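Next come two complexes, and both contain subunit A; in the first it sits with subunit B, in the second with subunit C.
Moving on, here comes the complex of A and B:
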């Protein structure tokens, strides 16, 4: 049972990460690879603040706040210097590697002796509350005018421009929120595992994308189930399956391939299985636009 | 709706499987058989040696054990999952290989004994309170190499050597500790350390080119990136006629000239003896001091020696074993 608990806890932490990546990957339709740097960035920031004697809650929030600066950097790179977004993200990730090493002057920081947000109550409960809080705030934000324009920027830049709005402003907002959430996730992971290590961001983008893809599979056509909820559930499912792979005692060499196969299976289910049922289901639907409501409302408004 | 239910079903089956597996999977068959969980950070020659040495060591000591080996494939969240699996399985002892693995094991349990290996500075990593009195449920072996002995080899081989180059991965805590230590002791041996940091394995050729004109010899520390490209380092050094000293015997297999160093295999065996103290004698890890490698041995690479036109009758090579 403890292993199941660990998987769910890690799933909730990665759910927050995946919500961040969801903003860039799904809403803005951008591949922001800075995530692999931002995740440990959040952890290193947390270690710095907690070692300065700041309480764990505030340290976590500060890590989230400063983490969002990574999004600012990426946006500046691609809006001001016209670097392609994917390369801008990689450059940010590379810069963050050095920054992470500089923050505390070392690459591995034990946190065993410090307080953590999990001292407030049961680890699982604290994580559920944080994940739900992030989800609700993000849902509410996406319903504001800024939120709608953010979604519209990803769906149809021309439309946003025709409204006299600057797309780059919404990309900046989206990337800063995304990186803030990723850093928050990193800070929580550091407290959960009890230490920070420079390699903790490795392969993290795969976890985020897998969570989003698995989340997509759940009750695909239902509009009741919000994307943010899907993403959290996706992350939990991914970690549980990963936990089973470990628990079954698979050959350690195969672990990475197993993780990849899980993702492939879900994508295949999404793409192939749905096509097979295409004519039975309700059919149709705009493939890339997940939420058409804001666009309609904007059209009505202007 | 149908698809949704099938996904839910899948998850439920998964959860049932999962909980079914994790409860009471590990049962001692009789009282003399111990359940040992091995948590290894990544696939890596030195770490593999530390594991094999431990397993062999247990056999030699006549300890009957069911080994549950898990490898985190270099992903730290996996080390947490695996450590927690061992705890819920109720193993008698966890053997954690490399620093993050040991830290995850420490976080996962405060009662099951944890033995670590391939950790350079367990005090700095907060695994133990001090080397002599670990104080908790964690102790083990440190892979700190006898660096003073190794650096002494430079002057013994060639009096004129002054500047010694070190390439290290800036992302490895163990590497930082070694570089700091080398810089501290080098002046007492009449040497000056010139270090160059890398953070990607592809940086090594560039780093080598930049350092090679500034130094008279190269010292290879126990660093995962350097270890992975040791033949490249060795070849470059030979091309430029530089003497190389390695921190571990695996470097000599890769073409480094000489070392007086530790073997991770032997270190694993040494850790197995500590396991016996805990499992059979019943000592608490809190009272077992952290050990460093007891046996070091001088090993040199014969081919490199010839390519560098060195004299095999030199006293340094007299009592050393050689690798072809």
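Moving on, here comes the complex of A and C:
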């Protein structure tokens, strides 16, 4: 039971991380690797602010706000200096590694002596409220004019230009929100585990992608289940699977490889296996056409 | 009215692969008229459209739209008064968004995009009316994602979106070339209806001689960055046009 509770709690924290990565990976269709640096960046920023005597809620919010600057840096690198987005993300991540060490002058900071946002009530309840708040705000944003242009930028830049808008502006907005959410998630993780460590961002992008991909697989055809909800559920399932694996005796050292295998397995299932199972031995031709709607429409028209 | 003055454009400038597409090119396109531009591949048709829309920057010269110099404006700024439909049906729409969402985006063009809700329910009757005019049944599919539409349906929607805010100039870049003959005809008819209804100043690029004569008021033939024919469509026949075209192609083959 304790294991399940911890998995759900961490799943909610990673759900916020995954919502951030969802914006870059799914909406803008780009791999922003800077999040590997932004996640610990959020945690180190929180440690700095809380040690300065700022209250935990404000410290968490400030970590989120400053974390979004990582998105600004990555966007400037690829829009102004024309560095490929994937390399721009890696460069930001590399810069943040040194920045993270500089913020507090240490690579590991215990936080047990400080207050945290979880002092406000039960940890699970606080996390549910924060995750839901982020989800609702993101959903509302994606319904605004700016939100739709963010989606259109990932979809078809030519359309955004034809509407008289600059795509780079929307990439900047997307990356700043994404990195802000990743930093928020890092700050929450630091408070949840009670310490900050320089390695906490390593291969975090795999965790985020796994959550997104698992979320995508749930009730694929349901249009009622919003993408943001899927991402949170995906992150929780992912953490539960990982928790059970360790409980069953998996060596934590092997966890990263297992993480990668989970991602590979889900992507392979979506890309390859589904097609294989669907293949029913029929060839082409009119007899095997199952979707007759276009034909009927054509017949009606002519 | 669109006036192009002393326009020059070269690619790979300063290298041994330099290609001079236009040198001191001049052209005037009349207001409220549809002008077809035809010519063999590499004659500069698409480059001309890209120079007008701002996708390419001219090396020299001026482009004046309704007496306003637009030469130094970015592609995005020019898009506020120039509508364009591309050859590829997926270029003018956002495939993961619904028809309603795509039309709502086009409806906001030029008004600025803020944190207000995009889809305005009060505007839906207007969209339905516009879609009904297309006669493709799209008015019943407002909540369908555009990726599920056929090429012809997408191109018709692109056309509607590009013309929704009545641009000062409409550019049609072989917009029916990727469609089958029947769909191409349907889209061309819709295009003609729209252009005539709203008296839009239009430049229409085509490889189809019959379309060029049938759907435009004036036909211009380009070859190596020069206007080699400029006539009112009603004074031309398809055979005459084909003849000139063939002669030009033969000349290219001989040289």
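We take it that the second predicted complex is superposed on the first by the 265 of 302 C-alpha atoms of A that agree within 3 Å, B and C clash if a C-alpha of one lies under 4 Å from a C-alpha of the other, contacts with A are read in each partner's own complex, and residues count from 1 in each chain.
Here is the rule we go by: contacts are C-beta pairs under 8 Å (C-beta built on N, C-alpha and C of every residue); 3 or more make two chains touch, one makes a residue touch a chain.
These numbers come from a predicted model, not from an experiment.
Touch criterion not met for A:121: it reaches neither subunit B nor subunit C.
In the superposition on chain A, contact of A:158 is made with subunit C only, not with subunit B. Judged by the touch definition given at the top, the superposed model places A:147 against subunit C, while subunit B stays out of reach.
Looking at the shared chain after the overlay, A:166 reaches subunit C, while subunit B stays out of its contact range. Residue contacts after overlaying the shared chain place A:198 against subunit B, while subunit C stays out of touching range. Counting residues of subunit A touched by each partner, subunit B versus subunit C, the larger count belongs to B.
Judged by the document's definition of touching, no subunit A residue lies at the interface with subunit B and also at the interface with subunit C. Across the complex, subunit C meets subunit A through its residues 75-77, 79-80, 83-84, 86, 90-97, 101, 104-106, 108-110, 113-119, 136-137, 150, 162, 182. Residue ranges of subunit B in contact with subunit A, taken from their complex: 1, 3-4, 7, 11, 14-15, 17-19, 21-23, 25, 40, 43, 68-82, 84-85, 87-88, 99-100, 103-104, 106-107, 125-127, 170-173, 176, 199. On the subunit A side of its complex with subunit C, the touching residues are 141, 143-149, 151-152, 155-156, 158-159, 161-166, 294, 297, 301-302. Residues of subunit A touching subunit B in their complex: 1-7, 10, 14, 97-98, 101, 106-108, 110, 112-113, 189, 192-195, 197-200, 202-203, 207, 217-220, 222, 237, 239-244, 246-249, 252-253, 255-256, 273-274, 277.
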